[in-house]
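Shared between the two complexes below is chain A, which has chain B as its partner in the first and chain C in the second.
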Partner chain A sequence: MLGTAPPGVAMAKAKAPLRLGPAVEVVVIVTGALLTAAAIFSLFLLAIGHSPVRFFELVYIGGFGSSFSFQNTLRRAAPLILTGLAFAIPARIGLTMIGAEGALVIGALAAAALAVPIVTQGWPVALTLTAMALAAVFAGGLWTGFAGWLRHSRGVNETISTLLLAYIATAVLFFFVEGPLRDPGSANRPSTMPIGRDYMIGTLPGTNVHWGLVAGILCCIVLWLVMSRTTFGFAVRLSGGNPRAALAQGLPVGKLVVLCAAIAGGLAGLAGFFEVAAVHGQANAALVAGYGFTGILVAFLARQNPLAIIPVAILFGALAASGGLIQRRMGLPDASVLVLQGTIFVTLLAAETLYGRFKIFRPRGDER
Partner chain B sequence: MDLTDSALFTVLVAMLGGAIRVSTPFLFVAVGECLTEKSGRINLGLEGNLVLGAMVAYATSFHTGEPWLGVLAAGVSGIFLGLIHGTLCSLPRVNDIAVGIAMMAFGTGLAFYFGRPYIQPPAPLLPSIPLGNWTGIPSLQRALEINPLFFVGIAVALLMSWFFRSTRWGLIVRTTGDSAPAAKAMGVNVDLVRILATASGGFLAGVGGSFLSLYYPGSWNEGLSSGQGLMAVALVIFARWDPIRCIWAAFLFGAAGAIGPAFQAIGITQGFYFFNAAPYILTLFILASSARSRSSAREAPGELSIVK
Partner chain C sequence: MVRTRFSRRSLLQTSAAGVAAAALPFGRARAQADLVIGAVYVGSKVDFGWNQAHAVAMDVIRNVPGVTVLEEENVPETDAVAQSMESMIQLDGANVILGTSFGYFDPFMIDLANRFPDVQFRHAAPLWDAARHPANLGSYFCYLNQAHYVNGVAAGLSSPTGRIGFVAAKPIPTVLSNINSVLLGARSVNPEATVQLIFTGDWSLPVREAEAANALVDAGCDVLTCHVDGPRVVIETAERRGVRSCGHNASQYELAPNGFITGAEYKWETIYRLYADAFAAGEALPNVVVGGYHNDMVQNTPYGAGATEAARQAADEAIAALRNNEPIYVGPLYDNRGNLVIDRPMDNLDPELDGMNFLLDGVIGSIT
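Right after this comes the complex of A and B.
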């Protein structure tokens, strides 16, 4: 008898159904949604007389095909990581904040505006860049934190208010760039004074990818730790899951809401800082490039998981990087990338309904 | 100095004319959103309907030479997007706000994609009715050249108010929006009512878009709509889900949107961008002051995710 299990147990083990965890469920469903979106988009391409194979081949070549194109991809992924986080963090507490574009613009403007007097006084580079980054994070944090405060104290829907603030941010940018902060030398394209080559953040050694990528990845790791391993993160997730229970536990839900919104704005502001200090060297209309809005999609695809945001942002960076190639080789307008993004977005949300439907992903013993 | 020469008069007349012109798309989108929200769903994607509607209307008018056909086609494109939104949101666990954001991206993407060839060529635009000939003042005459769609919009708002108040179907929509269980108990197919309400709302938003490209500003380009579709959602909250109040709210938003161009007309260009931002600031202010008011809580449809 020793060493052999009773026959009943052995039978149960043999019959125990195969079960995969919820993590596999996420990967399977998200991948399925992506493939469905690719299929729908392929039909769309076929309908207008283009080859889908060629399209995805070009996305691969333009995004990952060579060291040059991969660096281009990473360069575009850097702001997407930060704006993706800017959506994902407030989403954890139940906020749908879609105004990262506005906080990015305000952060960039603050950084560029601060740089103008500092650079002429000849501050050391490191100090200047730190001051600019802090100004950007602070300005972005205040901008979106305001929407969080409106939500908490006045009950204003944060989705609408953040989008309105994004439009206001663009107006503020144009006002300053074409008015008080305009560099008289920028004739055709009104801009602020360039911060100068010496003050620009360099690139990672041996590449032309700027440090914003490293900052973004660091933010992802830190925020993942904060969200999953700290009391603060637990309080945020609890408040997002069940605000009433959180209040009953004595958690300051209102403060957490404002704080999460401010963190989101700070992250987007940081993205704006890198756009100024590493890419454009000044603030102008080129800042309004849709990074904030693509970030929403990145966060949805990553299911608000800070670590998953990194690969997803690189994927969308590749899509953006290959836009030009697709335009040149296939004659498709760059809006085709927008259509693909929209299709992915819609499919992904429709796939939300599939979670929990398949028995195979439930934990063992859950036989509903 | 004569009255008609004064700067104030010029600004006021320009604002009146501007308010009538700018408010029309607001009116259509708001009344459409009102119908959708009354059924208990929120469609944040009407911005996409507006942009796609503008593109489709312009393209149809360009190819057929018949602007009114363009208006109809814009409405049909709005139904298309509305049906997708309505159907997706009927799936369990699918969030209507998130789908709205996605539809905004999808609709604008489609419009930019297919709209590329129509940026340059001129298409026949909608005619307007000159209602100001009796005044004898040219600037007032220009302000009172009103597009028929403006009156259609008002008529639709009045009709919808009557629809909600006095028809069986209106009651069904209101019940669905206030309490889905109650509607189910009445034997109503809640999802179907919401899908139809979203599709009809999408139709109206599409027609609103046709006004942008076929009358004012009167051309198709990618910067045509700047959040009007979204502001209309806020406008409905401000109008407390009443189609008649939507008319007044749309007019107020139109006037705010006309401030910038009106000041430009008398040569004040300083702070142009801030005047252009006036509608957004106004919306934010109105939301902050009205979102938690008691009357708003009383009149909001009970099933609406945005007020919960």
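Right after this comes the complex of A and C.
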């Protein structure tokens, strides 16, 4: 990953062959993988008697073709940015934490539960929302931080523990929503008390997109800076690359593991907060919508780079936004967009093996 | 289902040169007199259950001249449904939107109805309230418990032991009413009949549904029925275990060639035809349409091999009685903890029954 220039660079400069940097390598390989996936998917469409041209035309119309379509895309991308980050940050320290879904649900539940008493007491809107957001981040952080602690102190595989914790989170949500926190008015659809229209986060001026998108983009920028420009970020990357070496250097690898896990949970919890405060206005079973799991794909496609998560989440948002149009205009089943997503995922994983294979992307002087 | 669906709009769209041209809102350029009706389903259109019942009804009105049907399946009860519906309006010019899942209503359809006053929204649950909700929104619902009562009658006379097993999703009023109606139907022909109940906890948990069905057979039940989104697993498990079964939501006749008795089916087409006719005549769509056997809004699946001759006769008589509005809930009725819960004959559409929160004496099971 780190393209450190060997000492011979200056000398080689005079008659250097064309060399491109690692950033270009990522763009070329990812774009190539996307095009390959599109080609494979086109064959699939042809095999079942549909026009690939029409399909991708509809993806464009449904995802970007009009102001409505683009807002639709952005709205769908908003939760994916945060859940994508929730996978990407622990991945930098070598953790494969796939339980953002659980932290999202727990964060949303915490926000909704906290809102019930303070809304009835008539707290100011800004204070209420801040308290809800903090509760969501804190609850989500504790939830996934626990998995990080299990990993560090007990050696429990974090992939398994976060996955199982996601199921537990869903069960906890159902327990509270159908039991102690149930709004008696929600007979056929158990939910917590609605926070009320006045307490909900509005949309960005002139659009139909809620503020969760802005929060997600800000988190991406901040975390990109933290990961690439601070000693903390360096320590995390070092611990992820070689934990033994990091320990030998005196880095607190254990604390870093728990902290990264907690940050991931906090991000997913924040996504949960926006689901409650900007979309549903209450907590109920609809919170378990799979955003946490789609976030894993987003982070993979972005190669765990916080900045790259933004365009990738928008791409996934566009696929989701156009899925309905494709069903309606082409008569294709809903699963067709999932097939495309799956194809993209597989080609990307296959493309991972290509990194470092092409001379043109290596630093000058590296003539292996 | 239908792979290639041809409409005037898709022809226009295909021949439109280039993507930019295709992005123009052809939908809105359509003649005002045409009905473009969009239905959104929470699950698959071929789920042998709730969603299939709606999709079958939409197929009936698809053939009405001047009607264009738009459909989207697998749309969760999240922001996604608001986006799908708005996409149908903005990109396909829908003028009537049908939301078929309970959680679509609040807040999503209420918000959309406020934002698009020229579009009619109808939702498949008795939730609309003239005092609180927009006038271009409304409700429709079929009281399926009437057909479950008929199931109970037929099961009571087809079961050698009188022990009926019921696999249910959640303890909410609609489900409880179906359970109690099966019991009352069975007791009307066999005073010793019982209904043994297992809740799975969610609408679609195929593995747990199979476990519950097996457990009920092991416990001595010889007729199984259910209220889950897709009854396929329960019906097929009953057939495999050699016991009889009664269906739910849509026709499962073909799933159990040996043991199928009859099933409770919605008849949404009655309502959808009514909407199409009102629209064609230029009349306002009614805000609330509810009903049961007396206005042809529910039906029972044709009897299968599991129904005895006596059962068929008694069930036919029960249907005739329901068509005459004869009540199912006739007090005094006690719940299975000994409390008096109904003290008089109740009209079959009495709103008080919409809040049902008890299991009648004879049901073996508990809400909590």
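In the analysis below, the second predicted complex is superposed on the first by the 353 of 368 C-alpha atoms of A that agree within 3 Å, B and C clash if a C-alpha of one lies under 4 Å from a C-alpha of the other, contacts with A are read in each partner's own complex, and residues count from 1 in each chain.
Assume a contact is a pair of C-beta atoms (placed from the backbone, for glycine too) under 8 Å apart; a residue touches a chain by one contact, two chains touch by 3 or more.
Treat the numbers as computed from the prediction; the structure is a model and nothing was measured.
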Which of chain B and chain C A:F174 touches, first, second, both or neither: both
Which superposed partner A:M97 touches (first chain B, second chain C, both, neither): neither
Touched partner set for A:N188, first chain B, second chain C, both or neither: second
Touched partner set for A:A38, first chain B, second chain C, both or neither: neither
Partner chain(s) touched by A:G65 [first = chain B, second = chain C, both, neither]: second
Touching partner for A:L163 - first (chain B), second (chain C), both, neither: first
Chain B versus chain C as contact partner of A:V339, first or second or both or neither: first
Touching partner for A:A302 - first (chain B), second (chain C), both, neither: neither
Chain A residues contacted in one complex by chain B, in the other by chain C: 174, 178, 333, 335
Residues on chain C engaged by chain A in the complex (per definition of touch): 1-5, 9-10, 13-14, 19, 22-23, 25, 38, 44, 70-80, 83-84, 86-88, 90-92, 102-103, 107, 125, 170, 172-174, 201-202, 354-355
Chain B residues within the chain A interface of the complex: 44, 84, 88, 91-95, 97-99, 101-103, 105-110, 112-113, 116, 226-227, 230-231, 233-234, 237, 270-271, 273-274, 276-277, 280-281, 283-284, 287-289, 291-292, 306
Chain B contact footprint on chain A (complex, rising order): 96, 98, 150, 154-157, 159-161, 163-165, 167-168, 171-172, 174-175, 178-179, 293, 296-297, 300, 333, 335-336, 338-343, 345-346, 348-350, 352-353, 355
Residues of chain A that touch chain C when the two form their complex: 48-49, 54, 57, 60-62, 65-66, 68-69, 72, 75-76, 174, 178, 187-190, 275, 279-281, 284-286, 289-290, 320-321, 324-325, 327-329, 331, 333-335
